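Listed below are the structures to be examined.
First chain A sits with chain B, and in the next complex the same chain sits with chain C.
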Partner chain A sequence: MSIFEYNGSALVAMVGKNCFAIASDRRLGVQLQTIATDFQRIFKIHDKLFLGLSGLGSDAQTLYQRLVFRHKLYQLREERDMKPETFASLVSAILYEKRFGPYFCQPVIAGLGDDDKPFICTMDSIGAKELAKDFVVAGTASESLYGACESMFKPDMEHEELFETISQALLSSVDRDCLSGWGGHVYVVTPSEVTERILKGRMD
Partner chain B sequence: MISVKMSRRYDSRTTIFSPEGRLYQVEYAMEAIGNAGSAIGILSKDGVVLVGEKKVTSKLLQTSTSTEKMYKIDDHVACAVAGIMSDANILINTARVQAQRYTLSYQEPMPVEQLVQSLCDTKQGYTQFGGLRPFGVSFLFAGWDKNYGFQLYMSDPSGNYGGWKAAAVGANNQAAQSMLKQDYKDDISREEAVQLALKVLSKTMDSTSLTSEKLELAEVYLSSSGKVKYEVCTPDALSKMLVKYGVTQAPVEA
Partner chain C sequence: MMKLLTSQTWVLASKRCRFLLLSSSPRQLRYLPLLIRFLLADLLQIGHSVNNRSCTCKFITFTYLKMPSDTMDVPKTGFSFDLCRRNDMLAKKGLKSPSYLKTGTTIVGLIFENGVILGADTRATEGPIVADKNCEKIHYMAPNIYCCGAGTAADTEAVTDNISSQLKLHRYHTGRESRVVTALTLLKSHLFRYQGHVSAALVLGGVDVTGPHLHTIYPHGSTDTLPYATMGSGSLAAMAIFESEYREGLTRDEGVNLVTKAICSGIFNDLGSGSNVDVCVIEKGKKEYLRNHLTPNPRTYVSSRGYTFSKKAEVLLTKITPQKELVEVVEVGGDAMEE
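Moving on, here comes the complex of A and B:
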């Protein structure tokens, strides 16, 4: 049993035309037992930057709290929000600090950078960044997610189509993974607004 | 005469008392603040108002959006400073980190008095050990928390602090304080507090003409959604307010 599979999680982020979407499942389990069906894995850092944390739930929450600490101080000192690329470097540095006793999380970072250009990236639990132009996935359902995204993704989708695509990719992938599921939580972010939606899938 | 000459022996170290029981370094720090730009804070029933006098006004100064007198410490606390700016920057950074550390542990905003107390404990340390001089800054903290609502605190280099309904620090602070004592009413509204603060500051400031370039105004209040907001007034809005309250003094014709 791997510690990364203890709670179960599924995370995916996709790039669209001047927008991005980030989605997660809602299950929190303790191995085979389901504890919560409304667990939050995606967090807002600021209006144009979202962070998803898959893996061990406790580490996801603690890591998020530490990142809020760092981002708030950055905002106070620089008097502006952090760019997604900068935030990704910060997350990577914080994860590597714990190289020999890591956080058991795999983050997915999605945001709108300069000129509202969408930015997504993921990294492993010790901070190795992986930038992608199309989509990034994480969690126990990641292999299914890779397959679903690869076949369903098209570049330059508008936000409604992006929402449909990411939702279908998420729901079909978590259905093949017993540790993730119980619905979906999708955020679609454009330069002007953030839409948050809950998906109802197979509730198991 | 004699006591002045004798007190010179007790000036040099922060960590010893004089025979009269005074800490001279702390008092000298307060002297430094007495020459700095003034700041006034007023507590009203729906917010706290902070007004500051900008001492550095030169056409050559690169204007930016950042403020000289007012600083945000956390989403629910802000402060106005009077004194040595470099000392203030260190303390503001310390306060910001302390507020975030509290939030990291307790996952809620740090109560205002606890934040003030924590910062004052830091300041007090420089009056008792280490051999380092005290910070030459006085603060006016304005904030809101769910336990005590809106609050205003004043702190000085000794590490002393107090909660106030209206307070002034910096140059001419005694004159400002007595004016505030006369005109402050317990049920003052935020708008009336702004008016009072601008009026008092205009009377105690040395300069002949009062323009929005020489002032900074900030307010801490609750927005309609119930969140604490800290807002610095834009120079245009401030100019309009100065005219509206009749505190703009026309520049003296040569």
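Moving on, here comes the complex of A and C:
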């Protein structure tokens, strides 16, 4: 059994028209036993930058704390928030530092950059960045998510349609994965507001 | 920084927050508590708890003032092996380590009459799944040097970025254009130092004052200098094309066509390579990066109607947080600083 399948997770981020959406499942398990049904995998770094961490739960929380620390130091020194591209490079460097003893996490980074241009990116557990213009996926349900997103995604969706698409892609993919599910947590971010929604899914 | 506290007592402050009190007179240290308070007030300006040990020797008295060290002000360079023990323990318990993003790959390079042409496919795989359909495998090293990378994606990106920074510093230091052999030596010594564990197989090409150069670098640190080279899982397919059609003194267009043909051979015959062809042409004084020069695998199965959902996703809770409004600062009537 792989270390990534210990806790189980599903993460997806999609790009829309001047907005982005990031979604995760809510299950935390220890192999086949479910321990929590409200586990948070998506964290806010600043108003326009969200980080999702899939994989081993403890490494996800440790990595999140280290990244928040570094971002706060950056805010104190530069007196501004970090751009998403810069943050992605920071995460990549922190993960690559542990090349021979890695954190068992796959981050998904989503943010609004200059001129509110949406930016999404994912990495493997040692920091190989994968920038995409449409969608990125991570977690145990990633293979189903690739398929669902490939067929459901359309370029330049407005935020309502983007929410619907990402929710349907997430829910249909986690239904095909034993280790993730128990609802969904979706953040849709536009330049004017952040909408956080909790989805009702199959509770199995 | 050194500072004279009293006529006979110096304070030496080092970056690591350890302070050294050097005194040639032990009697001075009767006033040690006072000196410490003085030190704190004057040099530190913040409250820290100090613990000190002093040892007296014949002529000079040393006192160490040890501070609680600042956390992670400047991170240490290089790899950190903190989590290795824990990961080994997990592996022993039967939990397999994760697979890394590999670049499967077909990468090629050839020397033509005026310079070097590099080519690469654009597929990145994670096990059997295609993770990225259009990644960039031709990395920038210097304005006149580019490097294609195969193997573990994180390793190729990190090693080429690292050596690219080192080359830039070297350019500032020497005031000259970088040479390909410099990049070659930096890369091979880095890879050899890690004995092949940094899994990056590279095709390095560029044009400098000594002419066009093309090298291949293997993960363990060995190098070859060749007129045409291929690396990656699709290297045999691409080399077959090169061996049959390469000749010296190719023109630019012939060279680009040959490289494209070799990469296509890799894309269609090797499962680890796919998607599009990237080409980079480097000549003396100029370079051209042709990103997605050829796209022989477009997505043709898109439904024009799009996807419609019969049943909407059920929402349990909605929370809307407005973004902070950006305040525009407008200067009113003239420069405030002028009288």
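One rule holds in what follows: the second predicted complex is superposed on the first by the 204 of 204 C-alpha atoms of A that agree within 3 Å, B and C clash if a C-alpha of one lies under 4 Å from a C-alpha of the other, contacts with A are read in each partner's own complex, and residues count from 1 in each chain.
Keep this in mind: contacts are C-beta pairs under 8 Å (C-beta built on N, C-alpha and C of every residue); 3 or more make two chains touch, one makes a residue touch a chain.
This structure is a prediction, so every number in the text was calculated from the model and none was measured.
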{"item": "Greater chain A contact set [chain C / chain B]", "value": "C"}
{"item": "Which of chain B and chain C A:79 touches, first, second, both or neither", "value": "first"}
{"item": "Chain B versus chain C as contact partner of A:7, first or second or both or neither", "value": "neither"}
{"item": "Partner chain in contact with A:65 - chain B first, chain C second, else both or neither", "value": "first"}
{"item": "Partner chain in contact with A:96 - chain B first, chain C second, else both or neither", "value": "second"}
{"item": "Touching partner for A:180 - first (chain B), second (chain C), both, neither", "value": "neither"}
{"item": "Common interface positions of chain A, toward chain B and toward chain C", "value": "69"}
{"item": "Of chain B, residues touching chain A in the complex", "value": "65-66, 72-75, 93, 96-97, 100-101, 103-104, 107"}
{"item": "Chain A residues touching chain B - in the complex, by the definition given at the top", "value": "65-66, 68-69, 72-73, 76-77, 79"}
{"item": "Residues of chain A defined as touching chain C within the complex", "value": "1-4, 6, 47-48, 55, 69, 92, 95-104, 123-130, 132, 142-143, 146, 151-152, 154, 163-165, 167-168, 171, 183-184, 190-200"}
{"item": "Of chain C, residues touching chain A in the complex", "value": "72, 75, 79-87, 90, 94-98, 100-101, 124, 126, 129, 131-132, 135, 152-155, 157-158, 197-198, 306-307, 309, 312-324"}
